[in-house]
Amino acid sequence: EPEIVSGPAADPDCFAPWSPETKFFKFQKKEGPYRIALANGYIANTWRIQMIQTAKAYAAQPDVAAKLKEFKVVSTGEDVPAQISAINNFIDSGYDAIVVNAQNPTAFGPVIKRAKEAGVVLVAFDNILDTEDAINVNVDQKGLGVLWANWLAKHLPEGGKILEVRGVAGTSVDTDRHNGIHETLAATGKKWDVVEVLGKWDDPTAQKATADAIAVHKKFDGITAQGGDTGVVQAMIDAGHPFVPFGGETENGFRKFCAKHAAEGLKCSSAGTGPAQVAVAIKTAIAALEGEVVPQSIKLPLAIVEDPNFKEGQDYYPDQSDNFFVGNAFPTCDINFTAQEIMGQSKENQ
Amino acid sequence: MAERDTPTVLFRMEGVSKRYGGVRALENAELAVTAGRIHAILGENGAGKSTLIKIMAGVVAPDDGRMLLDGQEVAFRSPAEAAAAGIACVFQELSLIPDLSVADNIVIANPPCRFGMIDRRAQRAIAEEALARAGADDIHPRAAVKDLPLSRRQLVEIAKALVSKPRILILDEATSALTAGDVAKVFAVLKRLRSEGLALLYISHRMHEITELADTCTVFRNGRNVASFKAGTRSSSEVVEMMIGREYSNVFPPKPKRIAAAGKPVLECRSLGWSDRLRDISLTVGEGEVVGLGGLEGQGQRQLLLALFGVLRGTTGSLLIDGTPATVRSPATARGAHNAMALIPEDRKTEGLMLPMTVRENLSFAALDRVSRGGIIDRNKEEQLIDEMVRLLAIKTAGLDIQVGALSGGNQQKVVIAKWLMRKPRIILLNDPTRGIDVGTKQELYQLLRRLAETGAAILFYSTDYDELIGCCDRVLVFYDGRIVRELEGDEITEHALIASALNVEEGKGTAA
Amino acid sequence: MSEASEDHLSFRARLPGFLRRMEPAVLTAFGCILLLLFLGSLYSSNFLSPDYLLQQMKVASFLGVVAAGMMVVILLGHIDLSVPWVMTMGAMMACAVAGFGEAGPVIAIPAGVFCGASFGLLNGVGVAYLRIPSMIVTLATNVVAQGLMVVYTGGFSPQDSASPAMRWLATGAIIPGLPNAILVWIAISAAMIFLFTRTSYGRAVYGIGNSERAAYLSGVDTRRVVMIAFAISGALSAFGGVLLAGYASKAAQAMGDAYLLPAIAAVVLGGTSILGGRGSYLGTVAGVVLITLLQSILSVMQMPEAGRQIVYGAVIIVMLLLYGRAPPDR
Amino acid sequence: MSEWRYWLNEQRGTLIGLAIFLMMFSVYIANHPAGLTANVAQTAANKGALLAFVAMAQALVVITAGIDLSVGMIFVLTNCLASWIVVGAPMPTALGVGAVLLTGMVCGAINGLLVIYGRLQPIVATIATGAVYFGLALLLRPFPGGSVNEELADALTGRLFGVVPSSLVALTAVVFLVWLPFRRSKIGRAAYAAGSSEPAAFMSGVPIRRGKFAAYTLAGLLAGMGGLFLTFFTYTGEAAYASGSAYTLWSIAAVVLGGVSLYGGRGSAIGAIFGAFAARTTGDMLFVFDVDPLWQPLLQGIVLMIAVSIGSLALLRVRNRLDWFR
């Protein structure tokens, strides 16, 4: 049972509260080293794989490793109940803290209750939990939509025809970003014609959807895509669509394009939070176990790079995979992974 | 010509027709069924017999005509309705459900229920009684039907038909898979049922069965009834002529006088064994020889053919072909260039043919390697070989591009044989090839066999019909419990000898009806 | 009943020769394509523009290649559920090999296809030799393939951009205006038609689909035929993945997920019996075009995902009811 | 053969399923840090029960020689529906439960109608209806949320007398109230007969259509129970496509592990339950063994592969190669 205290948090720069109303937790200090588990859901996409690599890399950093007795990762697939059961099992097996990338924000009520009773620290990140009883490491998904919409509004002061490539229907991330975009555009009072297609955060799917939209609508004035952005740009190139302002995610491939075609009109805003946020979640879990004050809801800074600031080797890596998610630095948390560190980690393990 | 109806006509069919696409399966068929009689229905393959009774049993809807039961017009929309009206049927294609138990199957149409659940105790009692009535009380009611041999299944099928206490019982070639012993049991049952006042409809291609059982006969040809008459008023050759519509001469071709050691041995096996179904089988088949396999049903004859054809695993002993040792691991090696074997399988519908494929595709299927080069089919060559075969076997078909399933049973069987003859096999294994085939076709088949033998093929011929073994074979090996117990040659091959050795008794009258 | 079929016959008799030879299911499928385009053109005339149609054909060619492999397997009465990750594997392996030294770009595509074929072979061994139902074997190999790709991506910092050859194959155009992907599809289609109609292998496939027992007793090595069919399916899935990677200019996890159900649906909408033994390749082509167009038109019309799923499902049901029904019992 | 040998023969598939499950589960428990505590059992039971419901549904259809690729989507649809209407006072909750189950049945019945009266092949027909059901789920829950009567939910996912997982009790009750009556009724036998050999069943005057229709409809009902249970387990509804298809695919694996023949006519829903629990345990294995996280999916695939290959051991006993072809 954490004590509810008033802020600020122990490391106020890193553990920034989500809003002024955010509560602060102070857990009973436990003696280290700790047993920490990561309950992941789906694994077979690049983001999740990179996330797990990062988690392993972070847990292996000497100062972190010194505090950990055990760091265990289990991926349970798409099935929410399986993930809930995994967390239950971690609780029953006496883990001190559980970090979770939840498949569904609303489904974990009972297990949160159990964690609380058992005195286990539960930290959610990426897809967070709809609760005040666990720690959430939040990405401002709606804010991301707002950011992209503002970027488009800035470049298209007169409004215009926008292609919005959405993610996976029925997920909260997709809905939040979508709402952020539309509310912001509506607030400008300009005339916007938004064509929505479904890209499923997947390059080929997004590319196909974009190609179809271009073939039928011929010309868009701006594009925003919440994933699969490399494919979207590829479709523009293949269709000979002129480059237009683009608000998108942080894929390496997308940023490569942005850097290369900026002069031709591909003015990008590339923002998001890379898989490295798992490190912040682990750091939070350790801080909580050490009895330090942490906010119930932490606001992660967005890693934003906007035209014309794309720097090779820092904002994007020409020799790395297109699928690689850039934006792995959280300087306020002393977390700063380079691509090499993340992808190289397990090579030594091999 | 037709016998006038007696007043106790139970069921009558008038002007019933049925077409399948372009085929007229039944045209203006008439039938009158009387209680307490056994009605035989005769006709060559494709005459429409099965179609007729399928209509009676509600399996197939007629295009035209009407049916009267007790003078009331009836129309059955399903077998269940027909059963409710007192018409039960043992179909040519078995209608047992393989995964259910014998008892489940026997009561399938109307299981006994208590509180909405099936009462398994009652079911078992019913099943045991029905099995006893069908003379099959050795079958365990709880055994799964798929584990029973074909002949046992036929008995279960009859037991099942009896459960509904039918007034009309139809048997469509119900005895074609039965051994003589089982046939005798069935006949006893049928005669008892007749005396209980049932009307029985009996379809069979075995003339002697008809002679023994039938009270009245109706002959069909090309979907029409050609004659109805009291049994015994026509000689069997007259009947056969009515069926095939032409002169009927000697069924079996003359056997050549056998010289002591016929041709040189083509197929030899030495102490062949497999599981406990084949024990120490040694045999030789020479060039130009037709060797029969006799004995009761299920004594290992089929297994021997399968073993020779490479289907069985774990056979022991050795096999010699043309005097050199050979290993046959699969039908593919068996039919291969050196071994040149062919097997006419037991069940043409599932093992011999691909029913939905065309006649052409079926005919060339086993010989594709002969008509193709590098895996690519030479269509001209294929066409040429097929034409030759269709002519050789006089296959009656509306065309080469119709589904083989639309042919009548006999013509289907011809297709099976033709598809193997296309390979010009030197060793031909026949697994009861005349089951359910009319006399006309049978006759053609016997002649064909003899011709093949004359061209030097070695033929191993299993048949459940003793007449065939007697009429066709140069030698007969009689099986009992997986062994060859007797070898009969030349004039020794008589019904008496066959039956006696099949029962593995030295002398004394057999049980043949 | 018989009257109706005669009417039908006489109607068909009046059609031009090449149409008469086509099966009714194939004809209906092509009819549905025209209807779909007509309905689309009511929304926007751009649905009939050559640009749009070529774009659709290009995209359809990926599905077409996968569906061709699926069809071989379905004709045997089996099914291949390992398509998603075998596709992904083909794509990723081709990209990986492309980055592998001098020879890499040359052998990239064959290497990807080879990986797919080997996985198909694994399916084939399971189905033909171990006689596990294909639905189960391929389900399991799909999970295994996924596992391999996760390990691979996580452990080897993979090279996953498509080689120029892959790009060219999917998006280039030897004949100006006609994407190569379409030519590839045409070439594979020609090969499939030849395989099905002119080779003994094709006959064996149909034969086994109708009755494996009869085919075996006819001396066909049925197990080998089945195994090869799965290898073909695996190879074509992987090749589809290679093309898709060329189109997207890179390989990515889970890129094949969207291809399994459409591939099955395309084959079946084209009149192939899911029980095996019946079906013609042209039907599969029609099915592929139909599915691709349907998805695309729904997408461009901006129907929300919920409505799109409902319409997609309903259209498939209606079309099957039109011509995909089994014959009546009696 | 004596009576019990016949019984053994009839139940072989189910018993093999049970054996596989027991084997895997004991390995799991032996390596679990907490051992077999009430909590661990409850967790395993809840998770297994969900798949068990869906697998039972699948088994019913598979027995008729069909397949239902929409079970997962019915499961998702009923979950979304339940998250709207299974709330509030006992009375509305009960009505809600009734409506959810009815919805499941209707979905199953639609499948049945299409397959039986529409004469469509089950594989494709249910792929298509699955898309429709998922679309409806998405209409109900464009994003995750909703709620459920939590007392009821806790009661059904908790423990009875502090030890017995109530989900297992519920599952057993369903076996007795739905499966066994079906299995022992005329309709149930018709379903088996139709699955084993449809032409033979037709010729024997078995009510094939009614039997198959009942099987599809009850399958919908069972999938609906699964969806309801999912709602109890998660307190919310979510239209998750991936999870729907995962349940569909795993239900097929479960059915096969539980000894139900995909060719129809053989096996029982009880076997499917064991199969479901066995399939779930393959996932749990990764939890107790220290496997590199990236290797886990591969390992699970291999375990699944081995589990489904067990059945092919019987092949070694086949001495007549014709038996290969059913």
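Remarks
In order of appearance the chains are A, B, C and D, and numbering begins at 1 in each one.
To be clear about the criterion, contacts are C-beta pairs under 8 Å (C-beta built on N, C-alpha and C of every residue); 3 or more make two chains touch, one makes a residue touch a chain.
Worth saying up front: this structure is predicted, and the values here are computed from it rather than measured.
Comparing chain pairs B-C and C-D by the number of C-beta pairs in contact, the larger count belongs to C-D.
Mean C-alpha positions place chain B and chain D at a centre distance of 44 Å.
Chain geometry summary: the mean Cα position of chain C and that of chain D are 30 Å apart. One simple way to say how far apart two chains are is to compare their mean CA positions; for chain A and chain B this gives 72 Å. Residues of chain B in contact with two or more other chains: 59, 311, 330, 351. Those residues of chain D in touch with two or more other chains are numbered 138, 142, 202, 294, 296-297, 321-322. Multi-chain contact residues of chain C, defined as those touching 2 or more other chains: 146, 150, 154-155, 213, 216-217, 304-306, 308. Here the touching chains pair up as A-C, A-D, B-C, B-D, C-D. Across the complex, chain D is touched by residues 38, 40, 42-44, 49, 52-53, 56, 72-82, 84-86, 88-89, 91-94, 103-110, 168-172, 174-175, 346, 349 of chain A. On chain A, the positions that touch chain C within their shared complex are 43-46, 49, 52-53, 169-170, 195-198, 200, 202-205, 207-209, 211-213, 215-218, 230-231, 234, 238-239, 253, 320-323, 343-344, 346-347, 349-350.
Only residues 32-34, 37, 39-40, 43-44, 46-47, 50, 138, 141-146, 150, 153-154, 157, 230, 233-236, 238-243, 246-247, 280, 283-284, 286-287, 290, 292-294, 296-297 of chain D touch chain A when the two sit together in their complex. By the touch rule above, chain B contacts chain C in their complex via residues 19, 21, 59-61, 63, 309, 311, 330-332, 334-336, 343, 345, 350-357, 361, 364-366, 368-369, 372, 375-377, 379, 419. Only residues 57, 59, 78-80, 82-83, 89, 91, 93-101, 104-105, 108-109, 111, 113, 116-118, 120, 140, 142-144, 160, 274-275, 306, 311-314, 330, 351 of chain B touch chain D when the two sit together in their complex.
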